[in-house]
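Paired with chain B in one complex and with chain C in the other, chain A is shared by the two complexes that follow.
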Partner chain A sequence: MPKVIKTKTEFEGRVLEEYVVVEGEGLSAWDAHVPLQFVGKKTTRVDGPERVTGKALYTFDVQLPGMLYGKILRSPHPHARIKSINTQRAEQLPGVRAVLSHQNTPKISFRRQTFLFDEVVRYVGDEVACVIADDEEIAQDALELIEVEYEILPFVLDPEEALQPWAPRLYPDGNLLGGQPELYQRGDIERGFAQADVIVERTFRTQCALHNCMEPHGSVALWEGDSLTVWDSTQHIFGVREGLARLLGLPLHRVRVIKKYMGGGFGSKNNLGKYTVIAALGAKMTGRPVKIVLDRHEENLATGNRPASVQHVKIGARRDGTLTALELKAIVTAGAYCLWPPSLGGPARELYACSNVKTEQYTVFTNTGPLSAFRAPGYVEGTFAVESLMDELAQELQMDPIELRLKNYTEIDQTTGRPYSTKGLREAYERGAKLFGWHEARTPPAALLSRRHAPKLRGVGMASQIWSGNGMPPAYALVKLNPDGTATVITGTQDIGTGTKTVLAQIAAEELGFPIEKIAIEIGDTQLGLYAPLSAGSMTVASVGPAVRVAAHEARQQLLDVAAQVLEVPRDSLTIADGLFRSPALQKPVAVHEVLKNLENFMIIGRGAREPNPEDVAVNTFGAQFAEVTVDVETGEVKVERIVAVHDSGRVINPLTLSSQIEGGIIQGLGYALYEQRVVDRNTGIVLNDNLENYKLPTALDIPEIVFEMIDRPDFRANNLGAKGVGEPPIIPTAAAIANAVANALGVRIYELPITREKILKALGKV
Partner chain B sequence: MRSFEHVNAPDIKTAIALLREPATEAIAGGTDLLGELKARLRSPRRLVNLKTLSNLREIRYSPKAGLRLGALVTLAEIERHPIIRERFSILAQAAASAATPQLRNMGTLGGNLCQKPRCWYYRHRLFHCWLKGGDRCFAEDGENKYHAILGADRCHAVHPSDLAPALIALEATVRVVGPDLDGEISLAELYTKPTESHRRMTMLGPGELIIEVRVPPPKKNARGVYLKAMERGSWSFALVSVAVQMSLEGKRIADARIVLGGVSTIPWRAKGSESILIGQEFSMELAERAAEAAIAGAQPLRDNAYKVSLAKSLVKEAVGSLAS
Partner chain C sequence: MVTKAARPRKRKIVVRGPGKTSVTLIVNGETHEVLVEPRRTLLDALRKDLGLTGAKKACDEGTCGACTVLLEGKPIYACMALALECDGRTIETIEGLARDAKLHPIQEAFIEEDALQCGFCTPGQIMSVKALLDENPHPTLEDVKRAVSGNLCRCGAYPKIFKAALRAAELLRSRS
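This part shows the complex of A and B:
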């Protein structure tokens, strides 16, 4: 009988308590010294060839007979009430099949604060109507024929302004999410500051960053009778299934969601999108399949962002560096709607041993595009502020930044009091410092002044990383053994581009003793797959991998049972490797298919589930990054010369896909530190750089040498793989390390991201 | 974009005749026009394809006549051409700094010189700005970090071309043909500050085309440099750029031409800086004064004062690098 327990899981800085059915126990992680054949080995992507030859079908590539195309009419105003919509002219345009708006669709509640088609629009880009037509161009033409009469409402773009009593309100109960700040306290913050010998206090600002996934958001919806199939670019097929069923009043078994290949999500595809529901409604209305894929402009308006923040941070310490108090007050721009506010206080609460901590977060509605999760939401922003101020504190105390961090090192999770299952941060500092040449490269602050007249200044900086990343139950997998000695792994996760399929194939191959090319991974389909959680929070491998391993293990046990009987050898004498049975009792190895072929279509089905998380320890990931920059004092140009990273995410399963995550995270962090910023026109609320020309992502020429190492030590308490997530950790400390390096170069700190030429020239007194 | 008819131009004369028709636009590389069409800033009914005019693709050079570049020569061809690299290096540098390899393979010289501004208000469908026939410049009290610091009036957009400052520094002329026109003017004269009745950045009228760019042979001991400050390492229009062409006789500066990009609605010739340099012995102090003169009269907006400092630094660095 399944056992139901209550478990705690940390997800993106918040601890969730939920009921889980306990299964999947009993398999312990591979011992650190046992040689493994696939796990830990560089493995090229099992679906690489179809991805790079254009054969992989992304959502955009789905073409169905009779398919129609949808284009969404978006609000040109930051805040307005729709007085009337006249769609008559649009409907009369040849090729237009339907026009959807609040007038002819059910009032479907969306994102808590709004409706699928709301009569109030709250940002430039908010959905007003949708044209379904024979092709995209006709749909686009028709959008211009829809006549909307708006009653313009006052708007507010700035979160600090939005908190003022006189500010225009987005909602009747005001602009503050939840009506009050999210407060966390431990100890006595005032007493902590009273105990301090030194107090540093600063205000940090971070910009709004846009995801710009390579693959845009989009859906194709098909009705067959009362059953709905949706191809959706999503990080959570089961979440989309649940959402569609709930909003459209369908039973779960009538909704199928498919995502086979994906070109990135970074958190912006965690949740059901309006376009998906609109496509389903449009398909119902027209009786034909409907595709809605957003364009780059829409991507940059309406699919989420990393919200801008203002963070007041105050740290108190004794002369020897011991922290006595840490306080962070954050104002976060929710935009118009908010499902899941990021937790900016996470690093302040967790990074250091400190008994007096207070974090306070105001998540504020403004008339701008809504936030969403974005690769380590909150922690990238919070780490920039806390780790910048730690450097100022180190300077104030005349300590080395690493020494100060080690002084406040903790083996105990400060928020729960539980010890960490493993924590390799000390080693990450040491190895990183050595790899980087930290002690040689660092110019002591005192020597900085004398260099102010050099044309180029060089500086180094570092920062630390903490994040969750252990995943959670429930997640399920099946492993089927086919008569020809191949295996099919079935689960309901999705590969968002990180290499999930490859990693799952390695795990299954390892456990089964089959060659990796004999393993097929079937994921991304709710109808055929089994539940797996969303691919977010760096938890896919740690959630789904253990279930796959249990399923493979169970299949292997059955296979051994059968083989022992067929081969007439003692079961205990049998091993499987390379798809061959070996036993001292056998004259020569026997291939798996040789055994199975005698059994006709007998099929082995192994079932696996993710085991519960441990209750007595905290499972986290850690790391440290080091940056070297040069700054041209004449032109303000900052160049990142190199980044060194050392991270601890438990056991490494695939060094190749892992390196993509580490490098990708650092590159995205570098873009955030130096270039990326959504620009909204202050007078109209219109996003001015909703394109890849003016939203500046780093190019190949901006990417420095990146050197990284992993601690690569299994975390035996985390799960049966000993592996933890690595998707988000590498982006967390990059901006902070670069900002610290720039401060080290200039001798002056820049408290606001991105660090542009303008800010450098201002800091140098040249503007 | 809206549908349109695409017509291949059989010859220049026909092209000009076609382009006089209403709602007709010329297309060559398309790297600028397609952006406008996709944003639906313009919706021509007909595009006249100039790429069929194969006689406009040549690069010719003679020591006497100098360099002649057909309007359809691509930026990539300019960037790679050995003689341009050797004798007109400032032009090769400017071409190499523009856009990306993919865009340089498509973009043509004529198109680059005639491109529309990148101002984000101009390029946005929701702003009917003065340059597009509206009644105000939204950048003036809006988001203006990329906008003009010198000589702006009703429009604060900057001219985005990298080639134009380099070619003006090289004293290039252009051959312009049109319905009632076939003549040669200096490239500097092609650019005009947009006015109430002529809201364009060049003096070209309907049906008028640049068909050739001519660059006189380099002066004795002439050297040039093109410096461009961008927000990232590549694929960026200039925040500020500077093209400096100088002739030196020993330490004495015999001639100098300095043209800035990214600072005004037209490529900005810094005549004040030139006259400070010409005839003088080079020194860093002189370069400093020339740099100061380049930004004389600058009127930055709220967010672009950094460009003043940047322009000064680039002029100083460019002059300094040529003299030393």
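This part shows the complex of A and C:
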């Protein structure tokens, strides 16, 4: 009988509780010494050919017969009330099929704080109306014909200002999310500081960063009778289905969400977007399929961001380096709306053994584009602050930065008191230091002054990483065996570019004993797939992989039952490998399809569900990164020469796709450290660099040498694979390591990201 | 003094548009005649009128390279050219690379080296690499970096794109 139990999941620094139904017996992870054929082997992407030939159909590429296009009119004001909208002229433009606004659509509550079409706009870029037309050019022309009369309201852009009593309010109950700060405390912070021999205290600032996934956000909506099908560029098809059904009053079985290929999300596609609901409404109104894809400017205004932060951090320590108190107060810019505030205090609470810790977070509404999750939300920002200050403390105590970190090492999760299931951070420090040549490369701070006059300064720095490592049950999978000896794996997850499909194929091939070419992976369809959680929080493999393994295991058991009877050999004597049955009782191996073909269209179906997370341990990922930089003292240019990374994410399933994720995370971290920053005009609230010309992403010319190693040790408590996530860990410590390297090079620290030339020259006293 | 080059040449002035006008595009060796508005970009003509959605649109303003195709063998941003400008000219897109269901060595190398994550920038990257290797069969790492420096990859597949391009060069040399 299925058993219903509650399980806890740590998701992006917050703990959620979910019901999970457990059936049958769990599998335990493959032993470390069991030789595996597919798992742990470099495997090229199973969908590589589609992706390199241009055949992969992204949501952006979907074109249906009779399809119309939607374009959204966005607010030019940071804060205003819409007094009237006149759409008449737009509607008269030939080719325009409908204009949607609050006047002709139901009042649909959206993300708690607003409506699908709200009568108040709260940032430059907020949705006002939408034109549906025969082609994009016509829709674009029509936007200019819509007349909107606004009552301009006072606005506030700066979060610290927004907290002042006199500040303009976005919402009647004020600008602070939840009405009070989020507070975490353990021990006695005051006593902790009283016990300290040394106290360091600084204010750090981080910028607002924009995702800029290459595939813009977008949806295509099609109605067939009362059934709605939506192609959506999303990290969570089941979440989009639930949202659409709820907002449009539809039963779940009438809503189908499809996402086959996606051009990046990085957290910005975790949730249902307004454009999706508008496309569905527009398609209903016009009786035609409707496609809405955002342009690059809209991407940079309205699809989320890594919010800017101000962090006051204070650390107290004894002479020997033992931390006695750690305090972090963060002010986070929510922008106009906020669904899921990032948790900036996470690293302060978790990274080090410290009995007196206090974190306090103010998430503040402002009249700017709304925040969203962005690859390791909160932890990238929080790690920059905490790991920078740890370096200052090390300098103060004249300790090596790694020595200080090891002094405060913990095998116990400081927030729950549970031991870590596995923790390879000590090894990451050691291996990283060796790979990097840390002890040789490190220049003592005293040597810095004499190097001031060199045209280029060189510096090294390091930083640590912690992030959750659990999966997020529930997740389900089916494995069906076809009569020709091939298998189809069905689940409702999504491959957002990480290589999920390939990893699932490896797991199924391993468990079934089939060649990997005989496995097809079907994901990204709510109607045909089974529930899987969102692809975020570095959880996809750890959530869905175990379910696939159980399903494949069950299919294999059935296959063995059947084969034993057909081949008339003892079941226990049978094995399956390379798609062949072998047994001492058989003269020669028999192919799987030889057995199945006698059974006509008999079908074996294996079912699998993700087991609950363990209750008695904390499941996390860890890592350390080392950076070497050179700084040109004349121009202020920072060049990252190399990054060495060592991470512990449990068992590595595919070293090839994993290495891509690691490199990609580091490169995004490098962009965040040095170049990326949304710039908003103080007087108008307009984003000045809402394009790829002026918002600087790392290019091919900015890439340092990247060397990395994985600890690669299965975590037997994490799940039946022993694997944890790897999507987010590599971006977490990069900016901190680079900032520490820059501080080491300059002998002066820069407390604000990005570390631009201007800041360097200022720090050097040159401007 | 009027130089020869500056002397107005006698040319028939053709007025096209407003409204749709006929354009001939020679894409991957096939000649297509399409009716497009004069403001239609080459990228939209390829994607919408010819259904060739391999070239991607990530910015539509010449800043990302996702739309890279070859025009008369040279890499261009297809979003920055009007279809009209390409009248009668040859265009090569990602769809033209694989022949007889066999991947082009650049495509093979991209798969082998895992030079893609989400894959959205990939067709553009591959076309930039193609243009490079057509010109220069012996590129250095620096050549490769420069050749794809106009192709953004937000997933950060760069290190592997470099490797793939060098590997493809080797493959091509060994096969020719």
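Going forward, the second predicted complex is superposed on the first by the 764 of 767 C-alpha atoms of A that agree within 3 Å, B and C clash if a C-alpha of one lies under 4 Å from a C-alpha of the other, contacts with A are read in each partner's own complex, and residues count from 1 in each chain.
In this text, contacts are C-beta pairs under 8 Å (C-beta built on N, C-alpha and C of every residue); 3 or more make two chains touch, one makes a residue touch a chain.
Everything numeric in this text was worked out from a predicted model, so none of it was measured.
In the superposition on chain A, contact of A:Gly636 is made with chain B only, not with chain C. Of the two partner chains placed around the shared chain by superposition, chain B is the only one that A:Asn683 touches, whereas chain C remains out of contact.
Applying the stated contact rule after C-alpha superposition, one finds that A:Asp141 touches chain B and leaves chain C untouched.
Touch criterion not met for A:Leu163: it reaches neither chain B nor chain C.
Comparing chain B with chain C, the partner in contact with more residues of chain A is C. Once the two complexes are laid over each other on the shared chain, residue contacts for A:Ala441 go to neither chain B nor chain C. In the superposition on chain A, A:Lys696 contacts chain B only, with no contact to chain C.
Shared contact residues of chain A, touching chain B in one structure and chain C in the other: 137, 693, 698-701. Residue ranges of chain A in contact with chain C, taken from their complex: 44-45, 48-49, 51-58, 60-61, 63, 137, 211-216, 261-264, 266, 295-296, 496-499, 656-657, 659-661, 663-668, 691-693, 697-701, 703, 706. The touching residues of chain A, when paired with chain B in their complex, are 76, 124, 137, 141, 634-637, 674-675, 679-684, 686, 688-689, 693-694, 696, 698-702, 756-758, 761-762, 766-767.
The touching residues of chain B, when paired with chain A in their complex, are 1-3, 118, 120-121, 124, 126-127, 138, 141-143, 145, 229, 231-236, 239, 303, 305-306, 308-310, 313-314, 316-317. Per the touch definition, chain C reaches chain A in the complex via residues 37, 39, 47-48, 51-61, 63-64, 66, 93-95, 97-98, 103, 107, 110-112, 114, 116-123, 126, 144-146, 148-149, 151-162.
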